[in-house]
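Read the structure below first, then the notes.
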Amino acid sequence: MRKLSVFVALLFLSTAIFAQSGKVYDNLSLPSKILKMDRKYAVYLPPDYETSTRTYPVLYLLHGSGDDQTGWVQFGEVLRIADNAIKEGTATPMVIIMPDANTGRRGYFNDPKGDWNYEDFFFKELVPYVEKKYHIKSDKRYRAVAGLSMGGGGSFVYALHHPEMFSSACPLSAATGPLTIEDAKKQLMRTIPDVADSVVTQYYNRQSVVALVNAVPDDQKKAVRWYIDDGDDDFLYEGNCMVHIAMRKKEIPHEFRVRDGGHTWTYWRESLPKVLEFVSQAFHQY
Amino acid sequence: MRKLSVFVALLFLSTAIFAQSGKVYDNLSLPSKILKMDRKYAVYLPPDYETSTRTYPVLYLLHGSGDDQTGWVQFGEVLRIADNAIKEGTATPMVIIMPDANTGRRGYFNDPKGDWNYEDFFFKELVPYVEKKYHIKSDKRYRAVAGLSMGGGGSFVYALHHPEMFSSACPLSAATGPLTIEDAKKQLMRTIPDVADSVVTQYYNRQSVVALVNAVPDDQKKAVRWYIDDGDDDFLYEGNCMVHIAMRKKEIPHEFRVRDGGHTWTYWRESLPKVLEFVSQAFHQY
Amino acid sequence: MRKLSVFVALLFLSTAIFAQSGKVYDNLSLPSKILKMDRKYAVYLPPDYETSTRTYPVLYLLHGSGDDQTGWVQFGEVLRIADNAIKEGTATPMVIIMPDANTGRRGYFNDPKGDWNYEDFFFKELVPYVEKKYHIKSDKRYRAVAGLSMGGGGSFVYALHHPEMFSSACPLSAATGPLTIEDAKKQLMRTIPDVADSVVTQYYNRQSVVALVNAVPDDQKKAVRWYIDDGDDDFLYEGNCMVHIAMRKKEIPHEFRVRDGGHTWTYWRESLPKVLEFVSQAFHQY
Amino acid sequence: MRKLSVFVALLFLSTAIFAQSGKVYDNLSLPSKILKMDRKYAVYLPPDYETSTRTYPVLYLLHGSGDDQTGWVQFGEVLRIADNAIKEGTATPMVIIMPDANTGRRGYFNDPKGDWNYEDFFFKELVPYVEKKYHIKSDKRYRAVAGLSMGGGGSFVYALHHPEMFSSACPLSAATGPLTIEDAKKQLMRTIPDVADSVVTQYYNRQSVVALVNAVPDDQKKAVRWYIDDGDDDFLYEGNCMVHIAMRKKEIPHEFRVRDGGHTWTYWRESLPKVLEFVSQAFHQY
C-alpha cells in the first residue's frame, strides 16, 4: 500500500512538473508516394501531451523560402513561445506541425510542370499521417494554418483552396502570388519561356491571392478566420495591402495588422504569440 | 483684509498646481481677415508652461469632420494623455493648438470656389498668431501637424504643400482625397455640376495625397517625418494603403501602422501617445 | 484668526505641491566686460527653491558646438530629468546653470588670438554673478561642471585648470583637444597659418586634456572627482580612451563608461541622471 | 516490486524536472592525441535538451588564468544565468562548452616552443568531439566563442585566426597580447632568453590582438560579430582600449562596453547575460 501511494504521489508530482514544458522534435520524416521521397517535418507537443490522454487541435506552421522544418524551432523559438502562451492561457494546448517544403527550393504548391505536387502531398499524405500518428482532432474547427513569407503564401492558398479544412489561417509577411495576369505570365516565363496562355490563366487563378479572394463564393466569405500581418518595412507590402483592400471590398471578415518592422525573425517572433492566440479563439471558442 | 489674503493664497496655490498638470482652454478665438470672421481654437499648455520661462515646440492637432476644436479635448483626452506622456518622458513638453475648421462643414482646405480659404488662414493668420501669443519656437524643427479623418487629410496636405513648415506629420485614419482624376471629377460635380476639366486637374493635383506623394521632388523625400496610422476596420482603408504603397515605391521614409480597430475615438486615443512620442523625437532630437 | 489659519493652510498646501516641480528659464543674460557684450544663460531651479530659504549646490552644465543655452532644456530634458532624480533621492536639490558659449561658434576657452576670453568670463564674471543672484553655496565642495562634446572639453579643461573650483567634473562624449603637439600645430594653422612654435606649445599645454592630465601634480590627483562617459559609436572615441589610459597610468581616480550609442541626445539624456547622481555624492557626501 | 516502481517513478520524475532547468557537468574529459593527455571540460545543456530531439547552437566559454573548466560553473553561475536568459527569451537555448586550458598554466595558444599546441587541440579535437557527442549544429552561424581574461584573449585570437568558425566572439576583460614588437620580445625573453627576432615577429603577428585586427582583410571586416567588455577599474584597460581604437580606425563593426568594475567575477556575472543575448542574435537571427 505504501508502495502504491509513493508511486502515485511521485507520478502526480511529475505530471505537475511536466505541465510546464512542451517538447520539440525537429528531424522527423514521413514517406511520400506523391513526391517519391521522404519528407522531413518538425513537431511541437504541448506540455501535457504525454501525460494526458486526450486529443489536441493542430496548427500547421510553414517556413519561408531558403529555410526548412527547423526554422520555426531555431529562429522562431516555437517551444518557448508556445509554452508561455499555453501557460498564460492566451493559447490552448495544441500540436504544431512544421513541414519541410524546401529541398530543391520548390515550395508548398503543385508545380505547373507537374513534377512537384507538394500541395497534394500536404493534404493527401501529411495531414492524414500526422493525424494518425499524434493525438490530433480531425475536425476543421481544430485545424489551422500559419506561415511566413513563402509559407504565408502557403497559408493563403491552402485555406482559399480548402476552406473546408481550416478554421483559421494566419499569413505573415506573405508572398501573395501574381497581382495581375501579366505578373503571372512573367513569373512563369522564367522557367517556361513559351508558356501557353491557358497555363498562365490557370496559374493566375490558382496562385494569385487577390484572384482567389475575388473568387470566394458569397456563402464562403466567413468560412475561414483570417489574421494577416505584414511589417511596414517589409518588401511584400504591396501584395498584402492589395489583399486587405480586396477582402474589404469583398466584405470578407479578417484581421489585418501592419506593425513596425521588416522581413525579419524579430518581427515573426512577435507575431507568433498573436497567431497562437488567434487560432486558439476558434479552437476553444470565444 | 481677509478677502485679499485668501485671494493671494489662492493665486499662489493655483500657480503651484499648474506645475503638476497642463492646462486646456477650449473656447478661444482669433480674428481672420481671410475668412472674414472669428475662428475658434483650443490650446494645451504643458505642466511647466506658466512657471518656467522658456519656449516650446508646437503640435497642430486637427479634428475630423462634424467636430470642432473641442474634439481632441473632450473625446481625445488630450490633457490627460499629454500630461502622462510628458511625465513619463516619452514626449517632450509642447504646446498643442487645436483649431476649429468646421463651422459650415467646410474643412481645412481652400475651396475651389474661392470663398473658404482656410489653408491660407492657417498658414498666414493662425500660425503667426499663436506663435506670437504663446511661448512657441518658430523653427520648422519644432513644428508638427497631426489629425484624424478630415484632419488626417489636413495633416497630409499641409505637410506636402509646405514641407518647409513641419518636421513631422501624423495623419490618423486620414481622408486621402481623390485616388484618381475620375474620383476628383465626381467629388467636384456634387457642388459644381459643370466643372471644367482644368479645375478638376488642379483640384486633383492639390488634394489627392497619392498625387502629391508622386510629385515630391527627389531632394524633398526626407523633408518631413511621417507617422501614418489607420485601423483595419476603418472605412478609409483603401486610400491609406494606397498612400503607403505610393510612398514605398517612391522611397519616401515613413512609419505605417494598421492596428485593430475602426474609425473611433477609442482608436485615436491609443494613437495619440504614439503621435506625441513620434513628434518629440524630432523636437528633442534622437 | 480664521483668516490667518486659512491662509497658512493654503500656503502649506501650495508649498507641498511646489515641492514637485522645478523651474526653467532659458533666455536670461548677464553683461560681460571681458567679452564686451551680454551673454545668455539658462537656469534650472529645484522644486523647493522658491519656498525654502536655504542655499544650494550648483552644477554648470555646458552645451555642445552649434547649440546654445537652450540645448539642455529642449533636447536634454533637464527639467524632467532633474525633477525626477531629486524626487527619487538619487540627486540632491541643486541649481543648474547652462551658459551660452556659442554665438560666433567660439566656445568655452580663451582664444589664442586673445579676442574671445570666454574662460576668463566664466570664472571672473559668470560664476560670481550667478552665485550672487541665486541662493548658491560658494565652496568648491558644492560646485560641479559637466557638459557634452565641446562642453565636455570645457568640463575637462575648466576642472584641470581650476581643480580648486570643482568637487566633480563630468565630461560626456568630450572633445579632448590635441592628442599631440603635431595635432595642436595643425589645429592652430587653420586660423593662424604662420603660428609660432611657442604659441603651439602653450596651446597644447593648455588645451590637450592628455597633456593636462599628465601635468597634474601628485598632491592634486584626488582634487577632482571624475565621471567620463563616451558611446562606443561616438566619433570622439580615441581622445576619451587615451584620457582614460593616461589617468589610469597616472593613477588619477576616475569613473569611465562606454555605453552603447553615438554622439546623440538619446545618449546624453541617459547620461544626465548618472551625472546628477555622481555630483550629488560630493554635494551631500557619501 | 516496490523498489522497481519507485525507481521508475523517480526516473520519470527526473526526466520531468530536467524540462524546467538546464544541466551542468563539470568534470568530463576527452582524450587528446595532440596534447598527449586527457583534457577536461564542462558542459551546460539547456532545459529542453533531454526531452526534445533537436540540434542546438553552441557557445565555447573560456575560463581565465589560474582557473579551470569549473570556473564558469562555480564562480560564473552559468546554470542559473543561462536558464534565466533562456526562460526570459533574451537567449535562445544553446549548449555551452567550457574547456580546461590550464593545467600547467599554459593556456589556449600553441606555445612557441611547440610542446603545448592547445589551439590545434581546440579546433582539431575538441570541436569535432563535442559536435559529435552533443546535439550541436555545426555551421559557423551556430557557433560562438566568449571568455574572460586569458580566455578573453583566447576569444579574440581564435575568432581572428578562424573567422570562418564563429558568428560571434565576446572577449571579456581580455588579455590582448603584446601591444608592440618590443612587448612581444620582453614577454618571450622570460622563457626564451636568447629568442630570435623571427620568432618574436611571428609571435607578435599571431598573438597581438591589435596586430591581428590591423591585418584583417577588407572583405573579412564583418566576418565576426564582436562584443568587447572591460571594466573601468580592470588592469587590462590599455589593451582593450587600444583594440577598440584599432577596430574603429579599421572600421570593423563591434560593440564595446566599459562598465563600472574591475577584474572580478561580480563583473563577469553581469557580462554573461549580455554575452548570451548577443550570441543569440546571430543564432536565432534578427
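Going by the order they are written in, the chains are A, B, C and D; count residues from 1 in each one.
Following the convention adopted for this analysis, contacts are C-beta pairs under 8 Å (C-beta built on N, C-alpha and C of every residue); 3 or more make two chains touch, one makes a residue touch a chain.
Quick caveat, the model's predicted, so the values are computed rather than measured.
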item	value
Numbering shared by both copies at the chain B-chain A contact, with half separating same from different	same
Most remote chain, CA-based centroid, reference being chain A	C
Turn needed to bring chain C onto chain D - CA fit, degrees, nearest 5	175
Duplicate of the A-D contact set - from A-B, B-C or C-D, the pair where over half of the pairs recur	B-C
Chain A-chain B separation of Cα centroids, rounded to whole Å	42
Centre distance in Å when chain A and chain C are each reduced to the mean of their C-alpha atoms	58
Whole-Å separation of chain centres (CA-atom averages), chain B against chain D	55
Chain A: positions in contact with at least two other chains	none
Touch relationships between chains, expressed as pairs	A-B, A-D, B-C, C-D
Chain C-touching residues of chain D, taken from the complex the two chains share	232, 237-238, 241-242, 244-245, 248, 254-260
Partner chain C, residues of chain B touching it in the complex	1-2, 5-6, 9-10, 12-13, 15-17, 19-20, 47-48, 51-55, 57, 86-87, 89, 92-93, 137, 142, 283-286
Residue ranges of chain C touching chain B (in the complex, touch as defined)	2-4, 6-7, 10-11, 13-15, 17-18, 20-21, 23-27, 42, 70, 73-77, 79-81, 264-266, 269
